[in-house]
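Structures incoming, each one as structure tokens.
In the two assemblies presented below, chain A is common to both, partnered first by chain B and then by chain C.
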Partner chain A sequence: MYVAVKGGETAIAHSLDLVADKRRGDRDVPELSLDQIDQQLGLAVDRVMTEGSCYDRTLAALAIKQARGDLIEAIFLLRAYRTTLPRFGASEPLDTTRMVAERRISSTFKDVPGGQVLGPTYDYTHRLLDFSLAAAGERAEAPIAPADATHALPRVGDILQRDGLLEPPPSRNHGEARDLTRDPLVLPASRPLRLQNLARGDEGFLLALGYSTQRGYGNNHPFVGEIRYGHVPVSFVPEELGFAIEIGEIDVTECDMVNQFAGSHDVPPQFTRGYGLAFGHAERKAMAMALVDRALRAEELGEAVTSPAQDEEFVLAHSDNVEASGFVQHLKLPHYVDFQSELVVVRALRAEVEKRLEQAALAQAAE
Partner chain B sequence: MPSSPSIERRRRWLSILAKAPGARLASLWQALGPTPAYLVLRRPEIGLVMVQGRISGTGAPFCAGEMTVTRAAVRLDSGEMGFGYVRGRDARHAEIVAAIDALGQRPEWDEKLEAAIVTPLAHEAEARHRLIAARAAATRVDFFTVAREAGA
Partner chain C sequence: MPDTTIRDTSSQDAAYNYAYLDEQTKRMIRRAILKAVAVPGYQVPFGGREMPLPYGWGTGGIQVTAALIGRDDTLKVIDQGADDTTNAVSIRRFFARVAQVATTTHTGEATIIQTRHRVPETPLTDGQILVFQVPIPEPLRMLEPRETETRTLHALSEYGVMQVSLYESIARHGRIAKTYNYPVMVNGRYIMSPSPIPKFDNPKLDRSPALQLYGAGREKRIYAVPPHTPVKSLDFDDHPFEIETWTECCALCGSTESFLDEMIVDDTGKRLFVCSDTDYCESRR
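Our next item is the complex of A and B:
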């Protein structure tokens, strides 16, 4: 139990000044601008927007600067900011088939319609430090090749689905999705609610859980049906207009994972799916999310629930790094009263034990 | 009632204007010269829109996360109302979109705005998308599966 304390105002104020000083660092080094963070640390911005659950590159860059690069602290700052804003409503669901893709790959079909487009990826780098980056200098622009930007990219899922080899996703006709930030999470949760939880969830936590399924703790034999990253328009129906308009474009990464399913008494064997969606370019997150989404469907698909990644309560209750970090870090706050009472108890118990041992020793000596 | 462009036309304008870079829209609006005064009905207001995704891209919707959005509303002296909704927190962007939405409902401004602002922005957006697609296309790959030869 935490009991409030008073005092320490001056020390706290000075600590904040010291944080600001450390944030600025050596004054001989130029200060970072938000544009620099946005443009040159873009993947950090993407992670903060995804787990902060708020798409705004400039705000995420500001949060990263304020948090001195501590991304979980930055996510906390962005989450706190969003609570100060009114909600205008919910968008129309994104149509990622219309994505202007920078990258689209499938590891299930070599000759996927639309082609394998690597885009900007670290997948085929050698992970050798590039010392040329240590020096400033002009960098060449990326090469181009003829392309058709207006062409919609066919979905790998649709190809498999046509033959009945892949389960179709849950029906579109669900109206507006329920929202975790509005209604408390009740278990068992629907798949849309689970996905919202995972979308906000900590990348590291989901990565470890996804990895655990691959190592056998709830294995579901995954293949990357498709990963795509690029720009999609967001449609919204303003109440004053009554018709949908596009209010902007955002970058998203999606992963449609294809998994084995042995079939059941009623359903012939077919592939099942897990889905991941993240703001910006965040493939590791989208893949981990898709693995965990699929693992959490164990009960629905009649699989034994034996592992942490399949345990809905365990996963959904511990995925949020703002909550987790808050509860772990609150241990640093003064717990003096709490600890004092435990001290009293432990001293009393020790005294009792010592007395008993003394008496036993006396009795032994008397014999 | 002033004659108003069809909903389809208004939808197209509002979408192109919202997706344009705010600074670029502001400079085109500035270059237009004198425009009729308008009353700001709703000062630019920053809020959130919950972005929905679909399971596996095509299935049931779910809440993917929010985005910041700025909205504004204006009214011309002649009565037309205009609304601006734009991603992000650029107040000027939202207000200019609202002003153009209102002004575009006036027949004498319609073509001028289309030619001076909407069409150029649409072309620029296409060019941006073409560049993205062209850079991506340069990374298109043909993987070869290395199959065992017969008898090997």
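Our next item is the complex of A and C:
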């Protein structure tokens, strides 16, 4: 008899056991703790929190452990947990000028009020494998200058804006932003909704799209107005109090991209903005997001929409890696019924063509 | 006859609400379902949630089922017509776990049947609900990728593009070569994707006494065909709609009327045909 690709309860149960076994690996190697993942794979935790839309380092570390380091799978796990949590409401908008910055750079000015702070960055490391890391050992602690938490850190953009050289940020009366995880995406989308989608969007997808704008597919002449990374307080207005209270601090990376805008007959030339924000330390993501945000403003700014990165529907519908991963991988599910239907029709079509060819050959032979 | 309904009450997760979704979400989904039933064939956007199963595995159908299911229900889940395919087993286990619901493989015993890619061979009856898992709810999607455009086309009943695509198929192949996900006109108003069921199953949708609900999780759409609603497969007067036929019969039950799966049984490519609907096949043996 045949062996069909049909599996019952037992096969699935065994498969789950195998996954758990693979996850643990060689039992002689010590097991990873969530603290180790949080502390030593912190950037992976940051990415999972950002694209998982859930700021919780322990849960993100757990998801990474459970997914064996597959970050998209970890994002999926975190989201599937997040979706079951009740919503208390929306926080007050983050005020990133109140950030205690660990890193803050501008590529538009040599010096800026508040100073350039290089902070921890891979930018100037030489990418030589550091074999000393292969061995465990005590590492010296780096000297850390005390962060200045007393002064607000003005945005570089605000300085340009004063002279009218840069468009002002959008006003706050966009109304309550809809929650993409509660309401379906409706197109055309508002900018807050687009940014929400991009914040959850796949880093690789946004990186490629942002990159494509630099290579001429919707170029918008970007400069890094400013990137900052650090802790910001989160405030919330509980209904019963009626005023804002601080409920905690989160680490975020913010990118304010400054882009050229030619202006028109009536509008003097002015720089425009693209904006990116991510949980934790995620500059690649924040920058790519800012490039794509600016590209998606093409229509608003009267530019021709000619490239994928400028195409709202294309970008927003395909940015989510949990959706994309699911749909691509669902091709592994059985499709024998659809394939059978195709087989039936392809065989019939082939038979018709063969019959026609045969008749033509006969007719030719008869002549 | 052996008792085939199985009830698993052992392992409900205390951390989750009954049937996984919270009650507000269920209410939102039920409202979308009611709207879908009121406007047959119209795709209602809904706030699809992230489910613990991947997109493409039936998250839309699972959400619809989760919003409907109660302790008195009996659930059947099929994939490709079969109760024993891995995904059907997985979804059935999910509901047995989160909703402690009775499950069955018998079409006649089920109050809710969640399906991927098939309609059961056994005719459905009054009071049954058939929940389809839908990958791409928009029947015009492959002809027009933009949602903003297709929405307008539906609003205006501007379906020329679909007729043209069927005509092109006839011009190229001498027949309509579309075999599954074959578009239908619902209640004379909306063109609808019946989900990737083979066109063999399309006639079963027409004036069915059961309620048909279609859930698309990734695309966040729900649509419906209420009981006894006319569902017409698109065709032309000189090229009427027709379904697949086989010269073989089922090797296990001898049926000549059911949809047959083809199996390659040995290295020389020898073939065997068996019913895709396992419950139907078993009940005839």
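For the reader, a short list of remarks on this structure follows.
The definition used in the following text is that the second predicted complex is superposed on the first by the 355 of 367 C-alpha atoms of A that agree within 3 Å, B and C clash if a C-alpha of one lies under 4 Å from a C-alpha of the other, contacts with A are read in each partner's own complex, and residues count from 1 in each chain.
Just so we're on the same page, a residue touches a chain if its C-beta (ideal position, glycine included) is under 8 Å from a C-beta of that chain, and two chains touch if they have at least 3 such contacts.
Bear in mind that the values here come from a model prediction, so they are computed numbers and not experimental data.
The superposed arrangement places chain B and chain C next to each other on chain A without a clash.
Judged by the touch definition given at the top, the superposed model places A:Pro113 against neither chain B nor chain C.
In the superposition on chain A, contact is made by A:Ala11 with chain C only, not with chain B.
After overlaying the two complexes on the shared chain, residue contacts for A:Leu187 are found with chain C alone; chain B is out of touch.
Of the two partner chains, chain B is the only one that A:Pro93 touches; chain C does not reach it.
Looking at the shared chain after the overlay, A:Pro269 reaches neither chain B nor chain C. Put simply, the three-chain overlay gives an angle of 110° at chain A, taking C-alpha centres for chain B and chain C and rounding to the nearest 10. In the superposition on chain A, A:Gln340 makes contact with chain C only, while chain B stays out of contact range. Of the two partner chains placed by the overlay, only chain B lies in contact with A:Asp256; chain C stays clear of it. In the superposed model, A:Gly302 makes contact with neither chain B nor chain C.
When the two complexes are overlaid, the chain among chain B and chain C that reaches more residues of chain A is B.
Using the contact criterion defined above for the overlaid structures, shared-chain residue A:Tyr55 touches chain B, although it does not reach chain C.
Between chain B and chain C, the smallest C-alpha to C-alpha distance in the superposed model amounts to 11 Å.
Residues 82, 86, 181 of chain A touch chain B in one complex and chain C in the other. Those residues of chain B that touch chain A in the shared complex are 7, 10-11, 14-15, 18-19, 45-69, 71, 73, 81, 83, 85-89, 126, 129-143, 145. Residue ranges on chain A touching chain B, taken from their complex, read 49-50, 53-56, 58-59, 82, 85-97, 100-103, 110, 115-120, 142-150, 155, 157-158, 168-181, 191-193, 195-196, 199-200, 230-231, 233-234, 236, 238, 240-241, 243-250, 252, 254, 256, 273, 275, 277, 279.
Contacts from chain A toward chain C in the complex involve residues 1-2, 4, 6-9, 11-12, 76, 79-80, 82-84, 86, 181-188, 313, 317, 322-323, 325-330, 333-338, 340-345, 348-349, 352.
Here chain C touches chain A in the complex through residues 15-17, 20, 22, 45-52, 54-57, 59, 79-82, 84-87, 89-90, 93, 116-118, 135, 145-148, 173-175, 177, 179-181, 196-200, 218, 220-221, 244, 246, 259-265, 272, 276, going by the rule given at the top.
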